[in-house]
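Below are structures written as structure tokens.
The same chain A turns up in both complexes below, where it pairs with chain B and then with chain C.
Let's look at the complex of A and B:
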């Protein structure tokens, strides 16, 4: 051992290591073998954002989206596995026609149609080509091929002749672009990598799409498309410049909000119901504001304050509306706007677990649920798997709320955990959820249940807590929380689960996150500038001509 | 912009389009493609056979066997306290009891495995591995549903579009319409063509819309380039959906056959949706009426109705527990021998099922009723939900599929695979299937008791 140490000194390796450490360089990014190219369906939010960015915020969609498919915890991962039902496409086609009709109407055409036609009662191939080429580039997130433009241009011409109106014809051409899988799906395109013989790389435009949907939850802007076209995204230094530009853009907030909306299962709010007699305080406005509160808390802490992600579980700083003030029993002066609020140190509200978006979402319509809340902490925030319940379980004796022996959820669940078949799973969920029993099914604070005082102490992975605040600290300090966030953000960004070739890389990502003080934008940057994020390999059927 | 040889296909379709547009006010005969149907003595006025429709109707969290399963088999079966609601339509309903889902060593995924066994003929190995085979409604729809405006219609009275158990593969599902008004508008909105209208004039706008979709379909080859096999299959489902809408529009360019039973009802109110039982009953009734008219007007031949989701979220006002929780947590009343609150929801479900069947039976069509030319499979996900039993999943059929099956019969089985029912119904509907089901549930044995 001593000999080896001496050799390191003699050959100058140790001094070099010292320099590297001083310079802040950690281990370099482990290599991965990439994944085959895929096609991810635009989320509803991404579709909306693209239409708003390209045609204007006042354009109405006029249709609805079929529900997304959550896969291994994320809708973004399901987006790469989901196809489209016939009724789903019917809606996309309705939206395509509704959007296209607005783009060409008298209100919008001057701003959105970049050429004037001399004779509006007939087709104008040149103008239609200009318009459709422009919008195909934005909608497809890359320049369209001649062949891809020819169809919509012919469509616009034919419809203009049939209807006797250039603009009406143009709307049909635009609808063909909006109905195209090149718009609705984010398909990767690979090309031979000139720097590695026999290997593939993503085209610049595909890289631009990955980047912009990850960081902004939107399609690439003009500058990013320009950089992609100029081949700049193939150079690490230029790529990093674009990433820095995007990370400092106000649009980053949309990207962060989209991630947390997916990560925290907020789509479940779409079907959340509470019993009006038991929880008169609940309503759609409260449900909406509850999500917004958490998103604002996250954006403020992580983006504005550049704080530590783990503090999300302990922060007392948040934002409230009057609607939320009623539930939190906090006076809110602002009638219509959001108001910053900091809960005092002796208040039970600390961290996102105590926010309505968690306590009311993970509860029954008529009562709280320690099991659902514990399961949500395990599965959503710690990325752990809770096995399905066994099919044949007798709950009834211990779940009878009218039984004087079992007044509180703790009493009932403790008895339940004596059932051998249930104990294994419930002991990893209930003790966490019991720490949140001070919040009823609508998230309102309470100190008793059925007249008996609530004991909110418990344990998570060997760490004891006494109340909601110390439960938040326990999750803050739980190594799984930070690892879960890093892993989820990568899976969200890539729209897929980890590839077996990414095991070392996954560890490295966690190390980078820790090294950067668990700063969320830094984690985004680590992913966005990594090689792994863009790595592709042949799907097994060979790569024919790259489209661009 | 260079001209490519491939552009010729675009011009071809445009030329066809131009030809059609030039000949507006054309009256075209409708090709009736449903070769699987026999005539059975009932036909349109012009001699064309009336269609036979297939649908499913689902309620969640099963039954109390001792209160639901008839004690007598065959015709003239008795009705216990949970089944008594079907009395007015009993003659149209077959009851199947004792048919079982076999797991072949896989776990019983509560409220999922039973559903999959009934509808897809297999069970998933785990929650993370969804079934990748089509459900029975899709299999039947592929045979009988290709010549109507909608291949199938899905609806859920619970307010959640995810409450649908109809899928072609693991790549998604057919989401449910949840608002009666939205359902009505989708079917009877501006695109609806009254089959009994005196005049028919193809809408040039429809022709243009169809042409747009042809343009999208033509992108298939380029789009699939570079994708792996799984993604190609998945994207082909997208192109199939595009094609289905194209076909839907194509049908609208042809004069629809007259449908004497077609009388479009009034537009329903924009009512709230949700899981509260009163709301669910009201929305289900509206949906049943809209669907019945959609069937009578030949808008679809296949449907899926969800009265309540498989782990029933139904609830009573002021009640802490939803139906699903009640089945597990409500104590069994010692005097009654069952969970009274949970049983309330079973009874409401049977009441709703009877209403659904009556709604179809109340529409006169040909020499019988709409129900006579329907085959509806009503079923749940479990037998006794308290223990997630799947050994006797309650299943019923309503309607005789145009006189192809007997009705009013109770078929009592012991440990027979539940797939026998789905297999029989597929054969009755003309699906060319010789055996159906996975593992121990594979069967080639129809339920002969109901066959004519």
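Let's look at the complex of A and C:
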């Protein structure tokens, strides 16, 4: 027996078993080569959240953000490519001054300024250094270097002397921190990897930022910064502990909401308009609540209930306000609060595709659009690409909703598709969108259009459906839906598209998602604890810190 | 309505529920037809239909030639009609305005006309037509006096309905602010209807226990003021299918028994109190022995009538007013007060024999709504999974 055991050790069978156990008896994470260090501009939501977390929820920003850039479907990916225009910087500067002035005002200074100065009419270098060092660490998501602090401290001193007020001077110093690219941009910093000669790894603080903005859509908290400073995020077990802590925090909800806001293109609501003569029920309150409804539905299903992501396309459980109750034509008892609602089985509302955030967003101002809805399903939810229409397309037939020959969208699109140049693309969009024709351009349910009954049957990737509910079921069962979500979440988390070296990893991620029952928090954990999420490589130019 | 304007003018709109009624039996209601499916509660068979009222003006028949003597005169017109032309010319000059108003708005001994209801006046000009909207409220065919009602002349309904009672029409029917000019709604009526859209007034009707929206001989009907304003669309129109909360003030929640015959709901007489808000001034109306007749339309809307007796003191609030404010809405206090007294036909005071209320009728137009009771509306949103953002 002893001999046999010795043989197992010698020939390495036991170590192999150990590896298999550690890997959860599944395929281990494929290796990737990493990507060059990068930087992302903080989103408006992240900026707001950081200011709120650091200085308090009552601090007003007093400025506007430059619009983000959506790249390959995600603002988070576009955030890695955007810089800042001079007018955009002016806005950041305005916000910086507004925020700083509030931090030092009489209402806030006792709580936010950790030192007392004896003489308020002149500079106090020691106190200014204490304050600015404290906030630089939180704003930069890492301890600031002496050089980074020196400038704002000098600025605070000069301004205090010039204005004859310590707090006014301090506000100038704080504004300089808030204007810094180290705050406005999430900059990756790499360092030599001591465990792999010649390779790079992200610093602990860079890892902390990636993790925190991904899971919470906010900067790292004190505990995460501490762990980063102590090198704990370089150890898989300690990293996993931090991820578990963050996944069980109430702040996870913010992270999930931020992802779905980006994933579902909700920024388009900012410019959404409807023809009031045709859709008088549409208004800004309804548009606001429509987004919130879907976000609440997603958070409830995915985080609170820990449900299967794919059920988002079939769930009848949602949350409503009275503004939404009017559109869905259901009672909402709560006057001001949100109220849980479950549509009955014979109701046409099932899944997010039938929610206003989808049906009203993906429609024209004065009519529904099977094409836009089909395109949105393909591009957003299935991550497929639909080619742009040729420049010389004649849309007359589609746009004329009063033509008695073509009463329904199906009639009009069938006529439109007779043009060979249009048929190819419409074939992949329209059959999906026609399944949602029971919802008009404002998302209200209807059974007829121009007096003609609406036929909401269709086919998606070979699967036939008869109505909106079965369309939702078809998308639920479509393998591309889950894969799309997994890929999008990773791209959102990393703020970039997949690297060619990540093809196997991408496949593995999808397998992990399926293995975990398509549970969204598990998918977040898979990404957050993966090597690939933090992997960086030298781009060959020796740059180890993202430049902005 | 008059009351409201007077109160508004005086800024003395104390929130009082004026009742000028004495207890007494009241006559029976009529019946009438359609389909409205809105809220479904309590299982597949018993349904609740909810409605929000969008229009509630006095039901005033506007037949050509109804006011052959002209429209009812206000105090200034009355005064001018009694003086020589030269004096008339002098008083109507701008520099004479103060003197003119002093003369026109006061009795000979200087008392405000609204505090002198018995001041001698010619009878108010009233409709002379034989047709009016309304219902037979006293149960008689000829309007002769009963133990509880006073003798009055009956109308015939526009559709030929016999023995219609509507003495309020006699008082208000030739008042331009109610009747309006040809093709126009009266100013006061437009104000009342605007209060629904402006959020000042919400009035809800709930039909409970409906097993068949065409024919059901046993339903319960609630008529309530609402506590939340009507919801308005992008064009300023009231939205159907809004969830609207019933007031928690029980005074303004009435319940009656009813039946539906061929899609028309009728209810048994019951007392209904309603409050309206006109431009920020609340007004309270107490309808005694009131009954509904509502056509339930297939599109979920309803239209019909509320008829009953309105307290004379709800119609005539001249004791609370000044003639100056009465003039704004175009009537003369003593003339009006005397008309109200003269035409009162219901809820006879057994001691004096004077009737204390006037038969009346209101047009109702309503859209489908979800009627939410306050105990449901104020539940905490425990089901909501996430904090407010």
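What we mean here is this: the second predicted complex is superposed on the first by the 512 of 548 C-alpha atoms of A that agree within 3 Å, B and C clash if a C-alpha of one lies under 4 Å from a C-alpha of the other, contacts with A are read in each partner's own complex, and residues count from 1 in each chain.
Here is the rule we go by: a contact is a pair of C-beta atoms (placed from the backbone, for glycine too) under 8 Å apart; a residue touches a chain by one contact, two chains touch by 3 or more.
Remember, it's a predicted structure, so these values are computed and weren't measured experimentally.
Taking chain A as the reference, the larger set of touched residues comes from B, when chain B and chain C are compared. Once chain A of one complex is fitted onto chain A of the other, the partner contacts of A:479 are absent, as it touches neither chain B nor chain C. By the touch criterion stated above, A:453 is placed in contact with neither chain B nor chain C. In the superposition on chain A, contact is made by A:86 with chain B only, not with chain C. Applying the stated contact rule after C-alpha superposition, one finds that A:192 touches neither chain B nor chain C. By the document's definition of touching, both partners, chain B and chain C, reach A:277. Of the two partner chains placed by the overlay, only chain C lies in contact with A:253; chain B stays clear of it. In the superposition on chain A, A:164 contacts neither chain B nor chain C.
On chain A, the surface touched by chain B in one complex and the surface touched by chain C in the other have residues 276-277 in common. Residues 39, 228, 231, 233-235, 237, 239-243, 245, 370, 372, 376-381, 383-389 of chain C are the ones touching chain A in the complex. The touching residues of chain A, counted against chain B in their complex, run 36-39, 66-67, 69, 72, 81-90, 93, 96-97, 129, 145-152, 154-155, 157-159, 161-163, 172, 175-176, 179-182, 184-185, 187-190, 270-271, 273, 275-278, 364-367, 388-389, 391-397, 399-401, 539-541, 543-547. Remark: chain B residues 1-4, 6-7, 10-11, 14, 17-18, 21, 107-110, 126-128, 150-152, 154, 159-162, 169-175, 177, 186, 204, 207-209, 211-213, 215-216, 218-219, 222-223, 225-229, 231, 234-235, 237-242, 244-245, 248, 274-276, 313, 315, 317-322, 325, 328-332, 339, 386-389 touch chain A in the complex. The residues of chain A lying in touch with chain C in their complex are 253, 257, 274, 276-277, 279-283, 292, 296, 299-300, 304, 319, 322-323, 325-326, 329-335, 337-340.
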